[in-house]
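Lettered A, B, C and D in written order, each chain numbered from 1.
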Amino acid sequence: MKTIEEIKQAIETKFGVQISIENNSLLIPKEKWPEIASFLKTDPEYSFDYLSSVTGTDYKDYLEVVYHLYSMGRECGPLVIKIRTDRNAAQIPSVVSIWRSAEFQEREAYDLLGIHFEGHPDLRRIFMWEGFVGHPLRKDYVTEDQDRKI
Amino acid sequence: MYGLGVLKGLWVTIKNFTLSYFTRKRLTTVQYPEERITLSEHARTFPILVYDESPDKLRCVACEICAKECPPKCISIVRAQDEAGKPLKQPKFFDIDYSVCMNCGICEEVCPFDSIYMDRQFELSAYERSEEFLYTKDRLAKSAEYFSKIRPETAKKVEEKRKAKEK
Amino acid sequence: MNCPYLQNMDQQSTLDTQRLEVSLGPQHPSTHGVFQMDVVLDGEQVIRLKPVMGYLHRNHEKLMENMSWLACMPYTDRLDYFCALANNFSYALAVEKLAGIEVPERAQYLRVIMAELTRLINHIVLVGFLLNDLGAFFTPVLYAFREREKLLDLFEDVTGSRMMCNYFRFGGVKRDVPPDFILRVREIVNQFPKFLDELEELLTHNEILLSRCQNVGILPKALAVNAGITGPVLRASGIPYDIRKIDKYSIYGRFKFRVPVGEAGDVYDRYYVRILEMRESLQILEQAINEIPDGEVISKAGAQAAKMPRTLKVPKGDAYGRTEAPKGELGFYLVSDGSGKPYRYHVRAPSFINLTVLEDMCIGQKVADVIIILGSIDIVLGEVDR
Amino acid sequence: MLNTIDQIFIKAKQIILDILSPFLPEWMMILISIFIVIVTLCVFGPVVMMYLTLLERKFIGRMQNRYGPNRCGIFGLLQPLSDGIKMFTKEDIVPQKADPFAHFLGPITVIIPSLLVFSVIPFGRNMIPSDLSIGILFFFAVASTSTLWIFTAAWGSRNKFSLLGGMRAVAQMVSYEIPMLLSIVPALLVVGSFSTVAIVNAQEGLQWFVFTPWGLVGFILFFLTGVAEVNRCPFDLPEGESEIIAGFHTEYSGMKFALFYMAEYMNAFSVSALVTTVYLGGWQGPILPSWLWFFAKTFVLISIMMWFRGTFPRMRVDQLMGFAWRGLLPLAFINLLAAALWVHLSFPLNDILSFCILTVSVLMIYVANRKVAPKKRIYKYAYE
């Protein structure tokens, strides 16, 4: 598999977008993300056809989504991609049209962290019931005190 | 041939049926209240406190390491104080909520004073949930003999270690 | 849409049959837990199917954010409660990758033996419950449970508890195995093929099973890869992707074993690939028992971290550890901020992601097939809902 | 002496009648004799059902390496009693949306056919409740009404799953009723009369119909369709627990469910009884008393049904009907032809000819269904 720097060079030359490397993962701005994603999947050089996991994390001043990409065809290791968005208007383009495995995992990130994935065919809460308010996995989520006697 | 697989299936079940009358080993069920399976050395259910001579002289020194390390936080300890208010090296209250405990055995590992160990008693049904499952210090205390009866090897190892420490 | 019936559905618009909306709801005898499917039926034919989950959601990931690294270990048993040791293995690997802890040889062998025994348990119980969904009145399940009891007794002697084992520690395993362990594993490995032959004789060529399972719930290769399906479901569709062979994590590189692959990707292939996988696991166990060395079962740093969990220092950073759990790729994405607690703890659960294609496989099939397709995917709700 | 044991039940009834005859008028005596027969049947039916459930649970238990019920009574003999008490004391829940009349009517009307059917079955030498000259016709006319009542129960409980179960029951009965009747016709053709007693007498000595080529095929056909008629595994789709919860009796609990349960087992008993009457020579047997022979044969057939239940998965709806229309029905027609030939030709020729016809037809049906029959597969390995 090509090293992370080569992939960074290839993407930067092809899409002319500024990418930085943060402990062995690519930090990609969210605007160009769908094009880069389809490039990574369709390009025979990379053919990352298997999106293993999509994880949302809350770093207090921004929200971050981490994608782990593998290539089943060329059986090569994880390419880790991180995309950041600010906390209140959390908005990231969805990649469900490229990798179907992101469908449930993006819904989970929306449900538990409140990250909006535009372009997702069916963005509903997946675990919580419809009337649930708030997103539990955020650091500022206040769990109501069950022991309190009403 | 089309119907052969079906007949082979029938042959397997009827073989099990007929042979169950000849070899007792084939019937794997244990008639629970009368017959019981002997539990192994390391089987664990709920924690107990071990004492040497009398129930009020527990080995526990109320260091609260187990309370901090317990994943579901079901142990609560209050350290004893003598009249002058000086903290003593034993617990005044030591409660374990058996309905919260997930019998993971971490308290046994982290206890530096060999005082808390996992018992194997699993017939603990009770009529009422909150009070009866909150085991207080006296219900938790079990003698060292009981402990060496249920877990001989561990008890032997603990004895050697304690003797080595006394020397 | 591989169903011819649906194509000419629209031309027969004059035939206005009434659609039956059934929710194969949370209380259903064969949804392997609290799982609901809202199904739109035309007669017995499935038109639309929407899975509904979240009944068993306890926000496992939020819980772990205020537990110490070691205290998370017993909770991983509760993820996929059929294969506690496979979850421990994946979590231990992820933390060891993050904290850089070494694992001694004997512990590596013990881990592989325990993981493969758990794979045996998971596959025979799955075959049993799949037959229960097909209507066989508990006979295959009870044959499977008869074998599972032997393995669970072995787990009780080694780890202390039958299902909630909590046996792995960072840098090895909690405690060494009893002296007769190798003998008992060898006895199980020798006797297991006989049981598998008996199960195959009862099931594999049974015409009713063949006609019920063949060409039902077909999962095409391209959709399987695109939807991130892993484990026996993927291999039954024809893609030999086994993480034990790809990543060669722990010491799987030393063992010689094969990976069975199906062609049609239907329920029968998923059933039979699992039986062949059990036979391969027996090969691994055979080699592992012969080569297991003596020595300590936990490294110095690991033992110290187990005795005093507060002293375990996990450096800042994130890591993703994944293993081949019996149900598919089980991955743990851990972010540490240097304090004693994980900052972010995410579980990539195979059952959860394998459900994405449930609708694609069920459209056009009968109601009875929906149940066995769900059974063949092999989901456990503890892992789906977390 | 053997004859007295053989006729023991008839003698007992006669004794009771003789005791009562001086006190009661003539017409009352006829009523009493009919009443005695009805009472024995109505007691005999549920008792058979109770101990069939116990037999099934112990038989399948042993197949699954366990004991089966052994807690109540010595070997679990009081288990059916405790089940009965449990059924009595269980609360009888009627769903709010259910149509109360149909929901109430369901279980009662399912019991009636299963009890009525006992009246034409010859339990022993001249031990037949009512010797109708059209016994077989009566049996099928009554037995086939049970489908209607199952559908009323399913429709009455206003539940989607029981609706599916009811639909399946109707579809299954329609497609299995015809091969069932056709598999009986050869025996009637040979005997020449509908009366069950005549059929049993025609099988004098050891000339049971099952030993003739058309009889063997007819026996297998009639047994398979009988299993389907009674909704037992592998044809138990109307109450497919794993798919549609409990099919038509999902919304029933307590005594109503017990009635459905009882009807199922009594139907199983009566269908096995009819199979023994028509093909296994009813109560014909060398030394033992006639009713003992009858119960032994019926018991063997019922345990085969239970053996099926312990082994087979369930068929799917379309495969089930395909099996009837594509497999059993053509075979039944050809069997009719073979039996006709068998009757009109002399001894050596008729057996050989009908045997050839039947084997050829079975092979032809097998070949005709090649396309549908599942194929065996071989599996490759990666990382050899």
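Criterion: a contact is a pair of C-beta atoms (placed from the backbone, for glycine too) under 8 Å apart; a residue touches a chain by one contact, two chains touch by 3 or more.
What you are looking at is a predicted structure, and each value in this text was computed from that prediction instead of being measured.
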Taking CA centroids for every chain, report which one is farthest away from chain D.
A
Cα centroid separation, chain B vs chain D, in Å, comes to 54
Gap in Å, rounded to a whole number, between the CA centres of chain C and chain A:
25
How many angstrom between the C-alpha centroids of chain D and chain C?
43
Geometric centre distance via CA averages, chain D-chain A, whole Å
62
Identify all positions of chain B at which a residue touches two or more other chains, and write them in rising order.
2, 6, 9, 12-13, 28
Chain C: positions in contact with at least two other chains
139, 146, 202, 205-210
Flagged in chain A as touching 2+ other chains are none
Interchain contacts (touch definition) - all pairs
A-C, B-C, B-D, C-D
Spell out the residues on chain D that touch chain C in their complex, using ranges where they run on.
60, 63-66, 160-161, 163-164, 233-234, 236, 240-245, 309-319, 372-377, 379-384
Going by the contact rule at the top, pick out the chain D residues touching chain B in the complex.
59, 62-67, 307-308, 310-312, 366, 373
In their shared complex, chain A is touched by residues of chain C numbered 53-54, 57, 59, 61-62, 223, 225-229, 239, 241, 246-247, 317-318, 320, 322, 329, 331, 333, 335, 343-344, 346, 348, 352-353, 355-357, 385
Listed in rising order, chain C residues that touch chain D in their complex are 20, 22, 28-30, 44, 131-139, 142-143, 146, 202, 205-212, 214, 240, 242, 245, 257-264, 268-269, 272-273, 276, 366-369, 371
Can you name the residues of chain B that touch chain D in the complex?
2, 6, 9-10, 12-14, 16-17, 20-21, 26-29
